[in-house]
Structure formats: structure tokens, C-alpha cells
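Shared between the two complexes below is chain A, which pairs with chain B and chain C, respectively.
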Partner chain A sequence: MFTTSRTPDNYRHKLGAGVLLCRLTAVFSIVFASAAAWLAVDQHALLENMEDLQSRTLPNSMEHQRLARNLEVLRLEGERVLAADNPENRRQALFIVTLMAGHPSLLANEKARNLAIETEIFLTRAAQGSRIDENIRDEWTRISRHLSLTADDISVDGINLAREDVRQMNGLVEQTRQKLHGAVALVLGFLALLLLLIRRMILRPLQQIDHALSDLRQPGSAVTLPNYSLRELASVREAIVQLHGLMQEHESTRDDLQKLAATDVLTSLNNRRHFMFLAESELTRAQRYGRPISIGLADLDHFKHINDIHGHAAGDLALKAFADIIRSTLRHSDIAGRYGGEEFAFVFPETTPQEAVALAERLRAHLDAWVIPLKNGGHIRLTTSIGIADASAQALEDALRLADEALYQAKASGRNRTIQAKTTQLPLPLGGHTDNSGHSA
Partner chain B sequence: MKYFLLRWHLSLRFAALTLVVLPFCSAEAEARELRVATLLTTTLQPQSKSDGKTGAIAELNEALAREVCRRLTARCTLQALPFPEIISEVSAGNFQLGVGNVLHTPERETRLLFSQPLWRSSSRLVGTPQAIREYRQGNDGEINLLSLRNARIAVERGTQQHRYVSALAPERKLVIVEATTIENTLQQLLDGHADFALMPMRSAYFLLAKQPANTVNFTGPALIEQGLGGTVHMILPKTATSLLAEVDTALDAMRADGTFQRIIRRYMPFLAD
Partner chain C sequence: MEAWVRKLVTGCLLTLPVAASAVAASEQAVRVAVIGNSPPMSYVDESGKLTGFNVEMAHALCATMKIRCNLLPTSLDKVVDAVSAGEMDFAVVSLLATPERRKKVLFSKPYYRSLSIWLSKPSIKPGSPRTTVAVVNGSVQAQHAENQGWKTKRVTNHREISTSLVAGDADATVVPMLTAVSLMEKPSLQALGLESTVLSDPLISGDVCISIHPGRPELREQIDAALDEIKRDGRFDRINSQFLPFRLL
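On to the complex of A and B.
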């Protein structure tokens, strides 16, 4: 069982997710606060401008309008002085002219004050006269026009005062709007960058890790994960690599165990249990499709004699040599196994008994011609007796029994030969065809 | 039927209870009482209000005071006082509000609270034609308060005009003729006790307009320096800050809905604020 620490030393130099989050949060906070401060400056200026407009400019503008209106009242009362049809009306109008000419709003404006004084003096003298002649009317026309123009100028000045402030406010609002757009773009840009970083540093590695974990289920797969900058992901990557190594090791061990369980240790041929499993499967397949199949049993001749004369090591050497000859002589499709002691069993798929006999004969001949060198400088020669039986129409046990009987017959007939068992009609558990032809060699 | 009689009975009881309780509720809502000092313009009683000019300045002040009181939902008791008493009584807290053509000055601000401005005023000499003619000859055709010497000048006691002339008098050898009210100031002139009167123009207008022709006239330049002109306000005791805010709110509302302008127009042919 493997264990891994949460933050191995070799990842300490890498960036942790918590630290990354803190740094991103800090940067975002700074960016956002800067944008807010940037806007706050304009907002403050705008508020100051509005305050100025409200407390200074608008009252000042209204003051101009009042002054213009008072000048206009002065002019109208002047008209009334000259147009009055009796002295009392003229006197009353003159009173108002006097009052307006002395009004503080006019006195505070030099231009208006001088004009008001000129108007009052003129109208007072005109009212004192016996009649209003053309000269007086002409002069009054001039003064009246002057009053009107002055009132207009003052009124326009007042409007312009407010207009200038409003223009400044509009500029500030426009500037604030542009800054707001800039701030929004900045924040959006930062968010895009943040998402890009999250995708690159977290999401994509997670996807790669997911794929790698999925691939672990595939036998013989290779884990290819890049190095990650985040400490946690690097740690996960390392764990996956370790896990993959362990899984491969376990798979190899399992294969070895399976091989050990199915293989004879000395000859590396199938052991009896595995041979029986393979033979059963092959017979089932052949009988299902009505294909020919044969079974063979071979027993080394005088093997006990070899053991007795040359020792068990030579016996083992003989068994290995025979296994090598089996592997080199038989076809890849043939199945061979150590059946017990010096006895070997064969399955010949897609092979009639006659063809099997030919194969067995070739095997027997190879062994017969084979000289096995011993470590002591000597050598031994081996022969084998082989029994062949048709398995296309009978159960494995029956076919083996027939092959064994043929083997016994070969032994009895002087050894070093191959004998095909006589065909025996036996009932099959799941049907199949029978071949009664048989002969001995 | 029985059900309707029961409902009728209950409704009657509820109505009776409402009639008994409602006056107490109203009394609670209008419980505030204010003493308001207004300007006494004449010592002659009673004032005639038939032509809209006699005592008009006092009526204007009263009308403004009553409208403010109505908006404050206060029960106001108005009392006309000579000008100097308005300031002293309001300053002492004997009156919660003073409406008497009081100009704003730094000195008064130390003793009083001022409402937002009502209008503006300046001061000007008023003289008989004879006096104007005499003094014009002696002063190169010009009459100016600063150039007058050896003249008798009537002023209302306790006003800015009084303070100003008092300051000039020793050097210019001016004789101060003190008057108790604005009308009394003019009367001193008409009676020959004074050569000129220094009067606030807006108040003087109401008086001069009703005089026969060639009796009295404005003369010399209008003055706003040295506290002789400026903004006119309602006044309150120095401690009445919350009432001041209410008065200002009421004046704002009066200007906003045109009531203020209509009251002015009722007594004067122009606003000239």
C-alpha cells in the first residue's frame, strides 16, 4: 500500500491553490478598489460642482435675473412717469422709480447703479417740467433702450453663469461615463484573465487527470500528465503516476501467477489442470462445429531406467529436452501439456486421427534422433510411445482413455511407436459426428 | 331588524365618542403657541386700512407672519412693538418670532437668529422741497448725507439709520431728531422739527406715496453701506434653532407655491426682492 503526504517536499516550491486564490482575490480587490477610487474622484468633483451650482451659481444666476427684472420694472415705471395723464399718477410712478433706483440689487452693480441714477435724475427733471416734449421723449427712448439692453445683458450673463457650470458638469459626467466604461472593461478584462487562469491552472489539469484516471482502467495504458504549477494538482499527478506503476506491477504479478498456475514448472508446458481446461474448450468448439479433432498421449520409454542410471537431474533434463522437441515439432495450434510424470498429452485441433498419427510420428522420430548431452560429458537417447485417439465424437475423458489404451498397446508392442486407437462409437452428451475408420501403425 | 337597530346604536355611540375626543386631539396638534412681534409703524390708533397704503408696511409684515404661523400650525399672538423693542424682546426670548423689517448686521447676529432673506432694502434721505433746495445750493447742487453739515436729521430710534447718523453727528455737527416710529420720523419732518429724515426706502415708500404732492421727496443717493442696506429678515431668539429651520421651510414653501409673492403684491405694486 502506498502512501503520499499532502504536500511533499518536492512540491513545496509550487504554488498552493489557497495562496493562488488569496493572491487573485487581493489583485482583484486592488483592481476593483482602484477603479472605485478612480470613479470616486470624479464623483466627488461632480458633487462639489453640483454643490457649487446649487449654493453659488444658481443663486447668483437668480440674482442676475432679479436685477434684470428690477431694471425692467424701472424702465416700465419710467414709461409710466412719461405717460401719466395727471400729476398724481406721475408722482406715484416717480416714487417707484426712485425706490427701484435705490434698490440694493441695482446699487451693488456698478453698471446698473449708474444707469439707475441717470434714469432717476432724468425722470425727476422730466416730471418737474411743465410738459413732455420731443427732446425728452428722444432722450427717454435712448435711456429706455439702454435699460432694456442692460437688463438683457445681465440676464444673459446670469444664464451663462449657470451654463458654464452645467457645461463643466456635463464634462465631468462624460468623463465619469468614460471612466466607468474603462473600469467596467478593466474588471471584465480581469475576470476574463481570472477565468483563463482558472481554466489553464485548474480546469484543464482536472480534465487531464480525469482522462488519466479513465485510462488507468485500460490494461497496458501509459500515463502522460504534464507538470502542473499548482502544488495540489502536482501532488495528485504524482499519486496517479505512482498508482499507475503499482497497477502495472500488480497486473504483471497477476500474469505471472496465472502463468504459474497454468504451466508445468519443469517443462514450461501446460500443466495437467490447464491442459484439461484447454482441451475441454477445444473439444467443445470442434464438436459444436463438427470439425475433426484428435487427442494424443505420449510416454517416454524406460524413463525410470534413466533416472536410476543417470539420476533425477538427467531425468529432468530428458523431460525438458522432450518438451523442447514438442514445442519445435508441433504446430502452434496444437495444445501440449505434461499429463503426469513422464507422460504428455496433446490436442490436435482441425486434425483427423490419421493426420495426428503423422504428427505424432514426426515427434517420435525427432526424439528418436535426438541426443541429449549430460553435464558429466555423457549423453542419453530417448524414445517415446504415443497413443492417438479420435476426439471429434466423444467426451474428453473417453478420448483420453482410448488414447491411453493405444499408448498401452504401443508399449506392449515394443515401445517407440505410435498407435491409433480403434474408433469406438460412444454417445456424446451434446451430439456430434462419429468416424469409425481407424487403423494402427 | 334587531340587528340593524344594534348597528345603528353602535354607530351613534362611536360618533359621540369621536365628537368628544376630536377637539382634544386637535388641541394637542395645535397646542404650540407663538408670540410674534410685529412693527409698530404709527402711534395713531386705529390704523386705517382703507387705501392699502396707510400702515401697509405693518400689514405686510403681519400677513407674512400669519402665513408662516399657519404653515407651522401654531397659534400666534401678534403684538406691534416699536422697532428697538422688537429686537430686544425677541433677543430676550419674550417673543418667539419678530417680523419688523430687521436688517441683517453682524452685531445683531450675535444676539439673534435670522431667517432666510425676505427682501432687500436701502436707506435714503427724505426732505422737504424747501430743505432740498437750500442744502443743494450750499453743496454745489448735490445732496449727500456724507456732505451734510449743521442739518437736523430725523431717524427712528434704535434703527441702523439712527446708529449711522449718531456716528456722523459729532463731526458734521448734525442734530439728531429721534422718532419713535417710522411715521413719527416723517412727521418730525413735516412738522418742521427736522430738515431731513433718513429712512429705509421700502418703508418710506408707503408713507411718501400717500403724502400730497411737493410735500416730501427722496433726495441724495440711496445707501447700502455701513449697515444702511442689505437683506431684511424675520428674527428669532438665539436658541430657537429648530423653530428657525421650520420658519425657513415655511418660507421656502411660500416662495415655491407663490404665496409669498402674492402677499407682497397685495401691498406693493412690484416685488423688487
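On to the complex of A and C.
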């Protein structure tokens, strides 16, 4: 039976879709935020590096270039001191040399300072002398070359400062690039996982539920849905299973009711209403296609007598026995029904009246040969009279009326016989013994 | 015809407020003090144009800060007070950042370091008795000479120093190194056979800064940033080469 067993407790241990979504969002946020933070660290370092390059390294590098240039100025002024052709020029050149030797930027660099002091001392001494001789020239050539090389060294030092910074930045950029790849892979992996989860936990169950719902319309199908981990889906599944049970119950109830409405309770043959319905549709079909069809009415002979002598239980037994004989004797396509009290009606599709008469005779003969045992150890025998009418060209009511007339005629002619209605040909008294009871049914 | 005139008049009226605001903007130009007569830092060249290392620096700073500047020649002894009083917004004058001056004005980052040079006729050493030393009023060198108890000849600009030396009013002078370079190039002084000595007293050597009105600290930040940029992008070195035979920094 359908029970309302779906209490919230049943699925409390299961995961709700909202909770699932919340958890997935939280995990995704954490994953994404940590990836972003991971990248931000490098980006920050890169920015700091660039700031450092801009505000410290580049100015520092330029100071090296300026220092190198001043060493070159010192060398040129030195040349001027030695080459001067009058004391004024020499004094002026020497003045610049003095300034350079005292220049704060030169003093700040150890290599440059020592060289500048050496140069100043040498040039001051040389300027004091009256004549510039070979020794002084040779010494100046040495100092001059030394000045040039030191200027180059300092210039290269300055360039290397910036190069080191750029190298570090390149390293950082490369590292960031790899981290970015990692982060993208992580996010993609998470998305794939998410899709897989959605597919497994939501999409596939939904498809299965969809199939199950369309299967519900097919009678006699069974619902085969697996257990779902999501609370909502588990509850839908339960509802479908219950709905399915309910529908099957309804279906069998409806079948029972239908059978009940169409069947005579005692004989399990069609009742009169259902017989009329079936007969009408058979007639319509046969007449539409111009096929032969016949109608029969049978009435048990002296049935009131049996009731009176043996009681109603025996009467019922007799009716049941006759119904059994009808079922075993008639063809599958023939339609039989209990028409009233002890009266039965038949439709013989695809059957001419003559063939129907033969069938009816067989039925009559079977009943005639049958001995019905009673509960009290006794037994009874029964006969029936049958009227047959052609139904291929007239309405059911007319055919039945004709069959009834033929039945009356059979009764009148002594019972236990079959008579075909007159419309097509004269009824032929067929077989049978004479009725000795003399009763009319 | 009438419509044409009306259009013209309307156009002029519409332009008027724009013109007025342009005037207002020029009135709001930043006032920058420079020294008028102190080669090679600031002087009037042959074509009558005010130029020199500090003048070109002032132009470069204003261009970098994207502000309109009015360069106003001022004598050295009045510069600090003018900036302090707000008559000038800032001064591109080679001022050593002495503690005494710091009380009156804001100083930018140093833009170079300076030394002072003793220039004298032959055989006169610093501190020789009966020596008259020419100094510019308001300079740290004048202060130094006074501190040393030297006999001084006060002048108002560097040009007058060479006049005093040539005329014999003074036998020696104490000047900043860049002024010394300029003086030593003068044929009239070269004839005197001047001898030079570097003076190492901390009062007269050290960081040279731009001075800024104390009420405008935001201007100091702008000037510091502009100085960094000018030094970084090479403009500083180009101006340096224009006026001096060696690198200032």
C-alpha cells in the first residue's frame, strides 16, 4: 500500500543541493584566492624590483657613468697641463685637475680617489718643473692609460648594476609565468572536477529520473532507480517509487472494477450489458465488411423445476455447469453472455446461421450428455433450447427478437433442440428427442 | 550683414571669459628666484637672454612639474628672506643647506655637492695677514671670512669680485667651485696669475639644494620627484655639459 513514509529524517544524513553548492563555492574560492595570492607575491616582488631599478639602480648606474666621464675630464685636463704653451693655460688646466681631485664623487670611489690624487700630485710636480722631459711623458702615458681603463671599469660596473637587476626581474617573470600555468591548471582541474560532480550527482540522476517518469506510463514496468547522494534527488526518487506503486494499484483496481462491471458474478460470463456492448461492436464490424455473423439465444429447460425440487444452490450449480460447458464448447472468437435468469446469448462472428446451428447443436448435445453431481450425493441432468438468427443484415435488437422467436418455437416444439429463425429459410427441426416434461421454460 | 556682425560680437563675448582666465593663470604662475649675475649658474648671455646652469635647471623643473614659472632675478643676500617671506615660491640658487638657512626655508634634496675655493694672487695663503678678501654679501663664504676674522671687501655679485681683484681692491677671494671655474677662464684674471686652494671647512662645502617657501611642503615633494626624474632621464647631464667642463655629480 502507498504510505507517506517520506519524513525529513529519512534524508537528514544526505547532502542537500544548497549545502553542496555552498561547499563547492567555498572550496573554489579558497583554491582561486590562494592561487591569486601565490601569484601576487611574485608580482609584488617584481614591482619592488622595478621600483628599485628605477629609484636606486638606474641613478646609481648613471653616477658611475658620470664618474667615468670625470676621470676622462681629469685625463684631458692633464694632457692640457703638459701641452700648455703658456703659464696661464697651464694654471687653468691645473685648477680643473685640482677641482677634479677634490670632487666629492671621485672621493667617494676608492679606485678613482687614489688615481685622482696620484694624478694631481704628478701634474702639480710636473707643472712646477721648467721642462717636460721624456721621463715625465712616459709616466704620464702610464697614468693616462690607467685613467682611461679605470673610467671604462667604472662605466662597466655601472652597466652591470642594472644588468643584475634585469636578470633578477627576468627570473621573477619566468617564475610568475610558471606559477600562472600552475594556477590555470589548478583552476581547470577544479572546473573539470566540478563538471564531473555535477554530472554524477545531478545530471545523470535527472536523466534516470526522466526515463523512469516516461516509463511510468507503460503498464507493468518496474522502477529501477539507484540511491542518490543528494537529498533532493533521493526524495524525488522515493516519490517516483511511491507514485509508481500507487499507479500500479490504481491500474489493478481499475481492471478489477472493469471486470466486475462486465462479468456476471455467478457464471463468470459476460453480463447482459457487456454482452450487448460486445455484440453491437461485432455486428457493426461484420456488417461494415459484409461478413457473415449469427446470434443465438439459449434457455435451460425446466429450470424452475430444478430450483423448486433441488433448491437454489442446485440451480446455481446448474447455471455454473452450463457456463463451463459454453466456455469449453464454443470457439475462442465466439461471445457468450448471461442474458437473464437461465437465458444465455451468443454472437458467432464469421459464422453463417447454418454453421451457428451446428455449433449450437454441439453445445446442446454436450449439455444433454452432462450429469451434474449435487452436494447431497444426488445428481441432475439438464437440457437447453436454442434459437439462432442471422445477424448479418439487421440490427442487434431485430436479430435478438428473431432468435427469441426461434427459441420460443424450439420450446414449443418440445424443447432440447435448436431452431433457426425463419427469415432466411424455414427452421429445420434438428435431432433431439422429444421433450417429455412438457413444461415451458 | 547685420547677422554677421551679431555673430562676431557674440563670438568675442564668448571668448572674453576664456581670455580672462588665461590672464588669471599667468598671474598664478609660480615665482622662481634666480641670481642675475653669477656665471656659469645664471647670467645674461650675449643675446640678452637669461641663462646658466641654474636657470636651465629651473626651466627643466617647471617643465617636469608641468607648472608655469616666472623666473625673477634676485640678489644673493635677499634670496633666503624672499623665499622665507613667500615673495618667491622657490629659488633655484646654489645654496648650501646650512642649519641657519634651514630655520627660514625648506630645502629640496641636494642636487649636487659643492666646495669652496680660495683664489689669490701668487704666494698669498688663506689667512695671510693684511689680505683683503672679496666676498659676496649673503654667501656662506662671506660668513666664513667673517668667522675667520679676515678683512673683507663686500660685493653684491660674482662679477664684482673680478672687478675688485683686477682693481686691486682685494688680493684674494673665496667662491663656490663653479664660480671659481668661471673666474679662472677670464683673461683679465688669468693675467693676475691666481693660485687656487680647496677649502675644506664644512660651513662652505656640502649639499647644494633648492630652497622652497616653508608654507608649501607639497611643492618640495614635487621638486624632489622632478629632480629625480631630470637626473634619471639625462637632462641634468645635458645642462651640466652646456655650462661646465666636468660632471657636477
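Heads up, the rule we're going with is that the second predicted complex is superposed on the first by the 402 of 441 C-alpha atoms of A that agree within 3 Å, B and C clash if a C-alpha of one lies under 4 Å from a C-alpha of the other, contacts with A are read in each partner's own complex, and residues count from 1 in each chain.
The working rule: a contact is a pair of C-beta atoms (placed from the backbone, for glycine too) under 8 Å apart; a residue touches a chain by one contact, two chains touch by 3 or more.
Keep in mind that what you see is a predicted model, and the values were worked out from it rather than measured.
For the composite obtained by overlaying on chain A, chain B and chain C cannot both be accommodated without a clash.
Shared-chain residue A:Thr98: touches chain B and chain C both.
With both structures placed on the common chain, the touch criterion links A:Ile117 to chain B but leaves chain C unconnected. Applying the stated contact rule after C-alpha superposition, one finds that A:Leu67 touches chain C and leaves chain B untouched. In the overlay built on the shared chain, the residue A:Glu88 is in contact with chain B and with chain C. When the two structures are aligned on the shared chain, A:Ala45 is found in touch with neither chain B nor chain C. In the superposition on chain A, contact is made by A:Pro59 with chain C only, not with chain B. Shared interface residues of chain A (contacting chain B in one complex, chain C in the other): 66, 69-70, 73, 77, 87-88, 91-92, 95-96, 98-100, 102-105.
Those residues of chain B that touch chain A in the shared complex are 120-122, 124, 201-202, 205, 208-209, 213, 218, 221-222, 224, 229-230, 269-273. Remark: chain C residues 113, 115, 117, 177, 180-181, 184-185, 187, 190-191, 193-196, 198, 228, 231-232, 234, 237, 245-247, 249 touch chain A in the complex. Of all residues in chain A, only 66, 69-70, 73, 77, 87-88, 91-92, 95-96, 98-105, 107-108, 117 touch chain B in the complex they form. The touching residues of chain A, counted against chain C in their complex, run 54-55, 58-59, 62-63, 66-67, 69-70, 73, 77, 87-88, 91-92, 95-96, 98-100, 102-105.
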